[in-house]
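Going in written order, the chains are labelled A, B, C and D, and every chain counts its residues from 1.
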Amino acid sequence: MSHNTFGKMLRLTTWGESHGEAIGCVLDGCPPNIELSIDEIQSYLDKRKPGQSKYTTQRKEDDKIEILSGTIKSNSGNHLTTGTPISLLIKNKDQRSRDYGEINDKFRPGHADFTYIKKYGLRDYRGGGRSSARETAMRVAGGAIARKIIPDIRIRAALVQMGPHEINRNNWDWDLINKNPFFCPDPEIIDTWEEYLQKIRKDGDSTGAIIEVIAENVPSGLGEPIYGKLDQEIASGMMSINAVKAVEIGAGFKTASMTGSQNADQIVINDGNVEFLSNNAGGILGGISTGQDIIVRFAVKPTSSILKPVKTIDINEKETEISTRGRHDPCVGIRAVPIGEAMLALTLADNFIRNRGQIG
Amino acid sequence: MSHNTFGKMLRLTTWGESHGEAIGCVLDGCPPNIELSIDEIQSYLDKRKPGQSKYTTQRKEDDKIEILSGTIKSNSGNHLTTGTPISLLIKNKDQRSRDYGEINDKFRPGHADFTYIKKYGLRDYRGGGRSSARETAMRVAGGAIARKIIPDIRIRAALVQMGPHEINRNNWDWDLINKNPFFCPDPEIIDTWEEYLQKIRKDGDSTGAIIEVIAENVPSGLGEPIYGKLDQEIASGMMSINAVKAVEIGAGFKTASMTGSQNADQIVINDGNVEFLSNNAGGILGGISTGQDIIVRFAVKPTSSILKPVKTIDINEKETEISTRGRHDPCVGIRAVPIGEAMLALTLADNFIRNRGQIG
Amino acid sequence: MSHNTFGKMLRLTTWGESHGEAIGCVLDGCPPNIELSIDEIQSYLDKRKPGQSKYTTQRKEDDKIEILSGTIKSNSGNHLTTGTPISLLIKNKDQRSRDYGEINDKFRPGHADFTYIKKYGLRDYRGGGRSSARETAMRVAGGAIARKIIPDIRIRAALVQMGPHEINRNNWDWDLINKNPFFCPDPEIIDTWEEYLQKIRKDGDSTGAIIEVIAENVPSGLGEPIYGKLDQEIASGMMSINAVKAVEIGAGFKTASMTGSQNADQIVINDGNVEFLSNNAGGILGGISTGQDIIVRFAVKPTSSILKPVKTIDINEKETEISTRGRHDPCVGIRAVPIGEAMLALTLADNFIRNRGQIG
Amino acid sequence: MSHNTFGKMLRLTTWGESHGEAIGCVLDGCPPNIELSIDEIQSYLDKRKPGQSKYTTQRKEDDKIEILSGTIKSNSGNHLTTGTPISLLIKNKDQRSRDYGEINDKFRPGHADFTYIKKYGLRDYRGGGRSSARETAMRVAGGAIARKIIPDIRIRAALVQMGPHEINRNNWDWDLINKNPFFCPDPEIIDTWEEYLQKIRKDGDSTGAIIEVIAENVPSGLGEPIYGKLDQEIASGMMSINAVKAVEIGAGFKTASMTGSQNADQIVINDGNVEFLSNNAGGILGGISTGQDIIVRFAVKPTSSILKPVKTIDINEKETEISTRGRHDPCVGIRAVPIGEAMLALTLADNFIRNRGQIG
């Protein structure tokens, strides 16, 4: 039972609070003899980093990652894993905890403030402490290493809906993803999103979003029925991301209104290869990967820390209002894009390790 | 790592195949001194049992549950738990495996046939073997015991969408649930569902559905951040149910199109008690229960075994068609209603045990 | 956290009380495509079975094992594993619970009666309930299957000390083990043991013993540092056997009085192969198997249920004496021989599965 | 499955190599609202620290512990736990890896060099990397925190045998323990040990030892049958310590030569309290604590790195000799005394947390 650990054989244990000295993680179970480049890990972290555009929190953090254990020097001067636990650390820089004065005494609706007090009797109020999205930096770092364990699998994600504005899937362009501040794959919707987000910010408000994560070139046979289904572990991973309230695989909720014959991903032989005529299953049947792309979508609710005043109570259970100052993402879903990728990478690498010597 | 086990401190391990001699489970971690009535457990099983109405599979199974261990006789002649593992068993009766002749050699699209072969190199083709919904009987039995561990929490579920037909939530009537074959809470939609399902069946097809599960009177403080969030464990539980492809908590995917001020469940004091003005969070903030109702929805895809022929391949990777005869639910989502309840009961009881002496 | 489960990837969950209707287990994680013969499993159970000689309890149990799930029929009519959980069951026959009248109210010194009441507030007093050695039948059954997962490894055990009488290791003859009622490898000590045990029994007393278990042809590389050391998992397995109070690997406690140069298992090359000049390490260095024989010894304390009266208290904390009638082993260590083998087989098979595709 | 993690609800995950930049751990599951003093944690580390006397390695390490997460400031300026993971770190100072030149290419008999290469295909040869006793510093730090979770339980340990020289238990004086370099409780044997160790060191050799750990004031009811027995978890913890090859509870191996009536810890009522007339069970019956003192003994084999040349092979499987220079403990068992205490503290605190709200 490990509440701060994700994974079964590849295990990511994270630690650290938003406004503590540092955050870090231990990644245990990484196979030996894998070459890691600090620059490569850093490049994933940079995608999640705060302060990247005017649409994300202006907190200034380098998010500079250090590897403290688990590797020796490779011939090319990189890190070479040894099979022992990899300890990663990021020192916090811009902690500016003075911004959080008011939330010391009041509960932000929609935020974990209320429940942490209920559970623990106290909390680290500085920037949300452990419940802050800052923790997710370590997921991205762990995910970057997980990718090296399954180098043949390509994992990418995109924002597919911001507020009420959904992309047109026919416009999907993977190349666009890293060329706009929203990880948006549809060139035609970017302006709409930009305007919408400006307005939201001006209103002192925030917005929700939907992220889609896709893994290509997945071997069939990953996932363990009955209670270690790949769908389960993916859903668990995505639901562990801050502010996520929904997750679906493949056609997801749409399957409810389908008939069996519509939903059936029919199978043919094409050029000697097994081919599915659709992918409503999102690459998973009976909890086991089929070999098709794995497709996951999850919803991120709007940031709870907003300037717009809302009714709440204080720690003495007196009624009051709260208007949260400080540097917050108007759409925290944007920065969830690299996090969703990381969670899928960690889940697949974990399943891959479990199936070593067994499948494809 | 326990692929056939659900839960951390209250652990349900299920075993058995659809057409084997018996199915069963071991429920480990149940506290001592809890009185169990076989009739009460049976009453939950009867709700899930096949052959209950013309809308569920006509397989005839008594689903008569036996308790083989973990209890002594209570003063009133019931079972009294001793804290040791509870072994439950149901003998299979109506196995009629001749019905499954054709699927020995062909893969049903949408079914686990394909992936089991890919993973294990062989499978128990008789009625889907382990991937059959028959396994879920033991979840319902385990869930019935889980309820006795958390007697103050009330857990109920309903079918809220069948195919494209959604209920009107204003008509919600809990009393109706057990008085119609669909676990439907809306009197005005029953006829529509009935007609729709008749048509689907006549077409040799099947349909998907959405189930909503609600837990009332939940204490605040259940759930373990960061990677043992209550949302995670509920999502994992629901995703472990056969044919489930999506799950959401509270407002779920709708939060994506909300603003922060709309989504915020504002807090007031009413008659001296903390009261939330809405429940978009579905009773969970930061992975921890708030004390509000827990609200979960999940989608069940249409049954994959349909009479309507669909393209597929056989085990020699030759193209063919398949038309699945046999007794199948035209809407397997109906029987998922008591299963969803059971998974939530198991999840909450497990979390309750973990927090013994800490909360409430 | 699974208190009735042993193993990590190969997981044995046992259930059932000494005087309940049946005992059983679920073995989860067994690879598919392994052929199992009921007769072979039964042959191991028969070695542990009560009533085998006048030196073991006269309770009459067939211990007839049934396989309820996890297999299909192989071409030769045997069971073929499918990768799904294997459910095993033994119906209890000779429960004769009337023998246990007195221990309903009194605590047997050295027995779990006292602690079960302290922990659970109640207990199944009939024959010790769950704390009875009857549970170990399922370990032997599970161990028999575990052996088939690691067919190249040979696991055997012997009784090496009964009461104060130790064998002479120079006389060690494996062929003798199954030809005497004590699993004794030394022909010269059998008479001494026989006389000693007769006397012990006549006195209404019991005696302790030491068992040695040896695994040959073990691949190097099994075991996981730092906290999943092979020594740890073996020690944990042996300590889980009823009445075991001590365990050692290789030279064990003797290493305390050795010097480093004496203890060093020096390494040479013999005929092109790595060869160790001794095996004080018992085949494990740094928690990982070396490829040498694994050697484990454990002590079983004397049976706590004895006719000879000893001071104790009753459940009302009144002083009294107890003299336990009923059918008890005068040296429960004898029947621990096949159990020790089983625990080592389960531990090694579990480690083997974890290392699939990695070693050997 | 967590190979670098110890414990179930209180989980210590350690990381770091002997000659890396730092070593550290994450302690997850510590309850909130516990006050921690850095000085107090440091005081336990100082007992284990190298270079304390001429009888331990002369490596110079401050072993200065830092707390990086999991606490806020208490009113008295100490650390107050919040229920989130506690990250601890010690920077390595005196790494002097040049001393280890020769062992880059040769395997030290009795050391993990050989098995790490066999398992991982490579290793961090600098000072043994992860298999070095340096890792145990984090156990002592974790154990110091564990003690604060169970403040009523007193845990102490002593060296009871060095080489062939055993203490006289009648001389046992707890006050002496911290006043001599051996943690010896018997004033009359100190000179003998001193002479013996001088001789051993002069010979370029090393010696084994036996440590005894005792926990007083333990509540009854800790430990989980059947496979989470307190004996099991204690044995597992002790066997996880470097160089430990044997462990026993209470009378341990001596029970083998006892009769049942000798071994029975008879129970009487003394002054209204339950009293046992002996403690052969070492405070544990049926895997559950009785309330008596818990008594554990374990053997530490002689240090494998010795100056005295022994036969071995190099990484090219050529025969050679090795004579290990560098700074090594002639009796590594001495520094195992505080480690044994820490492992028992971690085990008991873990069990205490699991039983919150249930016992005592």
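Convention: a contact is a pair of C-beta atoms (placed from the backbone, for glycine too) under 8 Å apart; a residue touches a chain by one contact, two chains touch by 3 or more.
What you are looking at is a predicted structure, and each value in this text was computed from that prediction instead of being measured.
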Listing by label each chain that touches chain A and chain C gives B, D
With chain centres defined as mean CA positions, report which chain is farthest from chain A. C
Rounded Å distance between chain A and chain D, as computed from the means of their C-alpha atoms: 39
Could you state the distance in Å from the CA-based centre of chain B to that of chain D? 46
From the mean C-alpha coordinate of chain A to that of chain B, what's the distance rounded to whole Å? 27
Residue numbers of chain B (touch at least two other chains): 1-5, 8-9, 14, 84, 119, 130, 225, 354, 358
Complex contacts: residues of chain C adjacent to chain D: 1-6, 8-9, 14, 107, 109-112, 114-116, 118-119, 130-131, 135, 161, 163-164, 200, 203, 205-210, 220-221, 223-229, 231-233, 235-236, 239-240, 242, 244-269, 274, 276-277, 280-282, 284-291, 299-304, 306, 308, 310-313, 317-319, 333, 354, 358-359
Show which residues of chain C lie in contact with chain A when the two form their complex. 1, 9, 31, 84, 225, 354, 356-358
For the complex, give me every residue of chain A touching chain D. 1-5, 8-9, 11, 13-17, 20-24, 26, 28-29, 32-33, 68-70, 72, 80, 82-87, 119-124, 129-130
